[in-house]
Amino acid sequence: MSTTATPHSIVADGLTKRFGDFVAVDAVSFRVNKGEIFGFLGANGAGKTTAIRMLCGLSIPTSGKGTVAGFDVYTQTERIKRNIGYMSQKFSLYEDLSVTENIEFFAGIYGLSRDRIRTKREELIAKLGLVQEADKLVGALPLGWKQKLAFSVAVFHQPQIVFLDEPTGGVDPVTRRQFWDLIYEAADAGITVFVTTHYLDEAEYCDRVSIMVDGRIAALDTPTELKKQFGTGTMDSVFYELARGAKRGGA
Amino acid sequence: MELAIEATDLSKWYGKEKILAVDHVSLAVKPGEIFGLIGPDGAGKTSIFRMLTTLLLPNTGTARVNGFDVVKDYLEIRDRVGYMPGRFSLYQDLTVEENLGFFATVFNTTIEENYHLIKDIYVQLEPFKKRYAGKLSGGMKQKLALCCALIHRPEVLFLDEPTTGVDPVSRKEFWEMLARLKQHGITILVATPYMDEATRCDRIALIQEGRILQVDTPAAITAAYPDRLFQVKGGSMSATLRALNKLDGIIRCYGSGEFAHVAVPATATHMEQRIKDHLLAQGLTDVVVRPAIPTIEDVFIKFTLEKKA
Amino acid sequence: MATQGKKKRSAHLSHLLSFVRKEFRHMLRDRKTLLILFGMPVVQVLLFGFVLSNEVKETRIIVVDQAKDAVSQALIEKIEASSYFTVLTDSLPPTGITDAFRSGRIKAALVLPADLQRDLLHDGRNTVQILTDATDINLAQTIEGYLTAIITDFSLADGMAAPYVIVPETRMLYNPELRGAPNFVPGVMAMVLLLVCVMMTAVAIVKEKELGTMEVLLVSPMRPALVIISKAIPYLILSFINLLAILLLSVTVLDLPIRGSLPLLLAESTLFITTCLTLGILISIVTASQQAAMFASLIGLLLPTMMLSGFMFPIENMPLPLQVLSNAAPSRWYYVIVKDIMIKGAGFSSIWKETAVLSGMTLFLFAVCLKKFNIRLSER
């Protein structure tokens, strides 16, 4: 398979998406290395969501080239979906199913065997400290726990890449850090992490960060390099410097 | 002077199991103040907002807004306050202009009458005034919602997580708008899970699991931080934290942006050097250790970890 | 004080107007729902009308006239005179009929016995044989019904002595042309009004709850009751348009005249619409999601009322418990009212009882609404 031939989990080459005469994503090019934590930042309306949808095989690009986990974003979207995990702030788990049922359901989607699901399920519940809550409905859990569980479910089938769309919004500072511990753990296990966030301190935790402005990638480097380039001490000012010039606030 | 918001011993529980969302909360907000309720999702902020805006009845305690009782005088309060609920609560299939016009009529006013109040915000929306509200970006939606909540020149403005899910630039702009509104003498109660926004408030209440942890000005709260804090760096964050966890005499350590934050007892001496030596001994390079000024987030983390311990 | 009261009233009025305007915008922008709302009554009326009025039209029938006397000739002429049948005059032996059926040349056959006239005079009765193609059971039954009716009518009209008369079916009394339309038009009216008023009103109000806009409206000087009333007005108007469309179609396309007074019909319909709106509001008060509201109106209300209103199944044929239950369905009363006005041409004096029942129901539902109505958010 082509996945072994390239060191990149994601390759985007002039990836473009138009809606009528509106260019949501404008010839975006970047590469994400295997096992990397890649921060995907941008203002609301900059085109992040559209870009992620293309990379996840949910939306076919208008032009450009792209592969995710070695699979083509035009022709192999089904195989892409099988090789990635996805978690967003809005929809992640079924609130009216229990912790165990959620794990079983999502693992079942990816075709894991019953035995493997059972052993891994026990491991996961123990690791997250949810033994007492295993049969509780997910809706009754605090947000932070839900998000940790949702992440664990998203990487349960050991995908090559996991996409996280604002996973920590509204989560308390301590749980937010625990969440990032889970991200590190996944990255150490070789899973590529593609994450969007509005917390700029979290941008510091990424290996590399890209910042989208008006459908284009305006900057892409390590946090240290970016701060050096912009002659500032915080990612906050880097982001502000770039996004302030955005023309597309209302999009 | 009469308080703009005065809550005494407010509690709220839900359902048969009486799950406690708000746990005997008392608050006093002065007129013309920007008062922040700072806490994560599920801390009870929305329940407090709904009780103060007369949408929910408290199970215990009383509250007054501009002198009116939230239970008895709910109609008076509804005439006088502006409220922006947590999720986007405008009509997605109406245009920007139509939404604003509708809410103006609902509040017995016109767009022109209080235009000066919303002008700064509305000029940014004006190019999109024929666009459906559902097609706006997150930041623009928040601005429109704020305009709609302001259109009748409320005496007290309730903003429940107005910046959640909004990008940092829009968030900054949003807070600049609030600062300008304060100059018009409007009292603002605002809830947010973003700790960095706390410093934008005159006074804040830190809230967790339905209980208020501390109320004061942001500066006073950080000044009261009991421990000494250092920012530490040495290679990767996870390696730094692993090494720090092996060091005796520190109270807690955690990542905070580029650096790890390390809290040590105020009485401990020579800690800066000790930490540095320890990290070097653990094989880390480019070690930086220097005193740090605590932020609201550091305070919040302290409360959370102490509660767990 | 007076000026303040006036100011308040004008505020309420402007609230109402801007709310109604907003509601129309919602309605007009949701093209699909709009299409269904306006298309449904039209399609239903045309569909029912088309299907029912064409069922038996110039159906080919063979009359095997073994009598060949004055009575049989008169009867055949009568059958032929109706637009429902075309009489094939081939004289066939009784065995030939089977072939004619098989080949599809005819849908029915009538066999008149040789001694038709004599037997009638002597014994006061005789038997004629009606044969129909029962592969299409509905059609066969309809043909049979029509033929029987014509024969019965014939025996009455032609001055045969009273003892020979076969008991005529009462349902034909007010529908001598035997058309289906009069029965279904009131039914469709009741159904469409129910659907639009109950379901759409309930869904529209609950949508505001789901969207969170109800929260903003509650924390505003707009009084909650006004929110709900102004939500109902656009649907009242919409239902009225639908009502007029149905009436117009039934008069022009289906040739069904309104025998009674049109103002009375419209007034009674307004009463029924009000009943339905109140029901819709009640559903919106007790449900929290659009889905629940939809289910409550469809499964809990629409289906039973359709079944029990007498439109689909005659109430007299129902088991007693269902007959009793049918009294609770507002559409049952409205159905009777519309039938009486439109078809019988009845005046208010003969429908005052039904009107009273509907008014009582509306008042009762309104009282329940007031009691259940919440000026705050309902708790989780």
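Assorted remarks:
Order as written gives the chain letters A, B and C; numbering starts at 1 within each chain.
In this text, contacts are C-beta pairs under 8 Å (C-beta built on N, C-alpha and C of every residue); 3 or more make two chains touch, one makes a residue touch a chain.
Note that the coordinates shown come from a computational prediction; the quantities given were computed from them, not determined experimentally.
Shown here, the protein chains touch in a chain-like sequence that does not close on itself. A comparison of the A-B and B-C interfaces places the larger number of contacting C-beta pairs at A-B.
For chain A, the chain whose average C-alpha position is most distant is C.
Centroid to centroid, with C-alpha atoms defining each point, chain A and chain C lie 57 Å apart. Averaged C-alpha coordinates put the centre of chain A at 26 Å from the centre of chain B. Per-chain Cα centroids separate chain B from chain C by 59 Å. Looking at the complex, you find that chain B touches chain A at residues 39-43, 124-125, 127-128, 131, 136-140, 161, 164-172, 193-195, 208, 237-238, 254-258, 297, 300-301, 304-305, 308.
Within the complex, the chain C residues that touch chain B are 11, 14-15, 17-19, 22, 25-26, 29-30, 211-213, 215-222, 375-377, 379-380. The part of chain B that touches chain C in the complex is made up of residues 14-15, 50, 53-57, 74, 77-79, 81, 83-94, 98, 101-103, 105-108, 148-149, 152, 158.
Those residues of chain A that touch chain B in the shared complex are 42-46, 89, 142-144, 166, 169-175, 177, 180, 184, 198-201, 204-205, 223-224, 234-236, 239-240, 243-244, 246, 248-251.
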